[in-house]
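After the structure tokens below, expect a handful of questions from me.
Going by the order they are written in, the chains are A, B, C and D; count residues from 1 in each one.
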Amino acid sequence: MKTYNGIVSTNIERLAALADGIFAVAMTLLVLDLRVPVLEVIHVSQPLWVSGAAQSEQVLLDLLIKLAPRLLTYFMSFLTLGIFWVAQQTQLNHFDRTNRDLTWIHLIFLFAVSIMPFSTGLLAEYITFRLALVIYWLNLLLLGVVLYFSWRYAERNDMLKEEATPEIGKLHKRRVVAYQALYAFGALLCVFNTYVSIAFIVLLELNSVIAPRIWPLDRF
Amino acid sequence: MKTYNGIVSTNIERLAALADGIFAVAMTLLVLDLRVPVLEVIHVSQPLWVSGAAQSEQVLLDLLIKLAPRLLTYFMSFLTLGIFWVAQQTQLNHFDRTNRDLTWIHLIFLFAVSIMPFSTGLLAEYITFRLALVIYWLNLLLLGVVLYFSWRYAERNDMLKEEATPEIGKLHKRRVVAYQALYAFGALLCVFNTYVSIAFIVLLELNSVIAPRIWPLDRF
Amino acid sequence: MKTYNGIVSTNIERLAALADGIFAVAMTLLVLDLRVPVLEVIHVSQPLWVSGAAQSEQVLLDLLIKLAPRLLTYFMSFLTLGIFWVAQQTQLNHFDRTNRDLTWIHLIFLFAVSIMPFSTGLLAEYITFRLALVIYWLNLLLLGVVLYFSWRYAERNDMLKEEATPEIGKLHKRRVVAYQALYAFGALLCVFNTYVSIAFIVLLELNSVIAPRIWPLDRF
Amino acid sequence: MKTYNGIVSTNIERLAALADGIFAVAMTLLVLDLRVPVLEVIHVSQPLWVSGAAQSEQVLLDLLIKLAPRLLTYFMSFLTLGIFWVAQQTQLNHFDRTNRDLTWIHLIFLFAVSIMPFSTGLLAEYITFRLALVIYWLNLLLLGVVLYFSWRYAERNDMLKEEATPEIGKLHKRRVVAYQALYAFGALLCVFNTYVSIAFIVLLELNSVIAPRIWPLDRF
């Protein structure tokens, strides 16, 4: 007798489309945290040579400087989401088909994506708090762990395309493990100061993005 | 003479793309309800061995614990949306084509999806109120009822693909009915306490997601 | 010599994908206007037979009843967006290709779609004000007018598929004109009362959705 | 030995889908800045011949007039996003495939897109401040610069389709440079007044949209 399991769609295209949608919304919602500061009194702009014009600009500059930590966390999260979008779609591209279990593994992955704007907002608001940083790191960890198991599941259930050789599989999994180890180390640095952690994670991500051929890390 | 009805697109791909978009936005908007609590005084983090550092972390922890009911309802709604996304796309995958009526049936389904962030926010804010739970359940019910009629409409108007045998149709419809009966029972449990209802629904959904081969329910 | 005009993409698929995305976001953003009322004192739910339990439920019910006008406008706008999504995708489905001009005509259409959550919120907040209703109607009018010109442009520049006969073209354009005339009449009814207008427009839209074969209007 | 670089997806369709999603969300989020003004006292509408009805409409009109600068910046940003959506998809349409570097170039482009609602909100709130205008212009500049380098990268790494001749490449790049020069000039006009800058940029964009065959600029 057939079960519901057996009739669930195996179409990987729709899963990829949902994923693109969720990433797109999460990446754009991040910016809602960059709330524009509201000023009560609006000063009409005057030609620059009129005295007084420069001072009111100064007020806005001060307000924007206060936004700097938010901009930093926003940028970090955009990098994070970009990295994991590339990672997920690289996986989906190697899958031959999906099934209900694999679909749910990726829905859990997308849950972690959708919660990223919250973790980011929390870290932005409490940037000096270790607890906020640890929660952000747990979010990163969840993304990595689910991605690792997604590949393993597909491997064991014979859902990979032919060109996805075991060598490629090892590369994938080793990369996840290596980066997660480094993220964990970065998070640990918060015993000194959360800014040290954030700087370490951002540099690690930038390395992952812009220097893939230079550092030894990319053997993985 | 031709009517507007006759020229409306029968392209099922576009309907699926709109559905993916609405699910993606609804799933990500849920998180907006997890509003980050705002703290007036920001304590600069000090090395952990400096006394005073631990106390301010405690303050944030307390604030986050207050968010727990919201996190629970958020998680429940993500599960709900995931389950119904799988269900809808399984249906669309079995349809051969659409027409104007079927498109509108699915637009009503998407209306129920788009209102889910509201029902969720209401339940999170009024988690001990039966009325909030009943409204949440009505939302669940609407999703199930529309999905049931969608299949019936497609069946009667000969819009199914050949591989969608009557057996598969029965499976689909029986599953919707069985789960809706259980959701209704769960909602009824609120005469005791809304938390009992919520726990029952979450367990039911987790069962639907992670244990499809173990429990007898999945004969359906 | 080639111009930028000549190299702009003629791929209609990407335009349709952007349109699906904007409709999906607009349809889901509408719900943000259904702001959950915040209650200061949370009453813990007690079994129904404990006196006092029923009263606090009553408080929530009263709050929700106050949301009714918002729910009405939300429902109306979902119908509106659904109707115009069907109309746009029916057009795109008949186009053979696009060019830069036609792409911009549809971007203006999408501008009118993206502004719909604002018009809806304005009408919900000022539901008894004629000015709010007139602005809503102008939004409806813009959607219709742009759609009309989109078809005319495609017709005159030979961008229709072969199956899009002149008869189909007439049907399309006549339908837009007939409905816009009725929307204008509905808007005019606001000289009596805005609720009369809203009821008329909602009934008109429901007719367009659920009764396409019964009323004479659907000759068009 | 294979590297991660070598296995990253080269599927340009998924990148285009993510881009459509981010543009769709950014374009629709802009409208959230058009916050509906809240009125304390709701006046029930009366037939127009009852005295007093006209006055309360006047109150709403006054509130809406105050929204005018926001509507202007909203419209400008929708134009900006439309122009860059057309530009990006024209590029993607000429690319044969992508790789990890090119994907990241476009993710940076999408970062600039996702930050546009913030720049717009800042300019709307501080429309008379030069600093707000300069930040908006930097956002425009980033969009242009990344698009320029995207094409150059694809050109040098042999990732263009055959029909993308060097002539087309020159056209693309020259157009970006010409418009960026004009945007920079427009931004400079803010030494007089920010409204002069905004008017110049809007006219430039309208020219780009509606008059591509009339002005000499479109030789480019």
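We adopt the following convention: a residue touches a chain if its C-beta (ideal position, glycine included) is under 8 Å from a C-beta of that chain, and two chains touch if they have at least 3 such contacts.
Note that the structure is a prediction, hence the values are computed from the model and not measured.
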Greatest separation from subunit C - chain, by CA centre: A
Subunit B against subunit A, contact positions shared by both copies (same if over half, else different): different
Whole-Å gap between the CA centroids of subunit C and subunit D: 24
Rounded Å distance between subunit A and subunit C, as computed from the means of their C-alpha atoms: 34
Where subunit A touches two or more other chains, by residue: 17, 20-21, 24-25, 29, 32
Interfacial residue positions of subunit A with respect to subunit D in the complex: 16-17, 20-21, 23-25, 27-32, 34, 36-39, 42-45, 47-48, 56-57, 60-61, 64, 75, 78, 82, 85-86, 89-90, 93-94, 167-168, 171-172, 175, 209-210, 212-213, 218-220
Complex contact set, residues of subunit D against subunit A: 1-5, 7-9, 11, 14, 17-18, 20-22, 24-26, 29, 32, 100, 103-104, 107, 110-111, 114-115, 117-118, 121-122, 125-126, 128-132, 135, 190-194
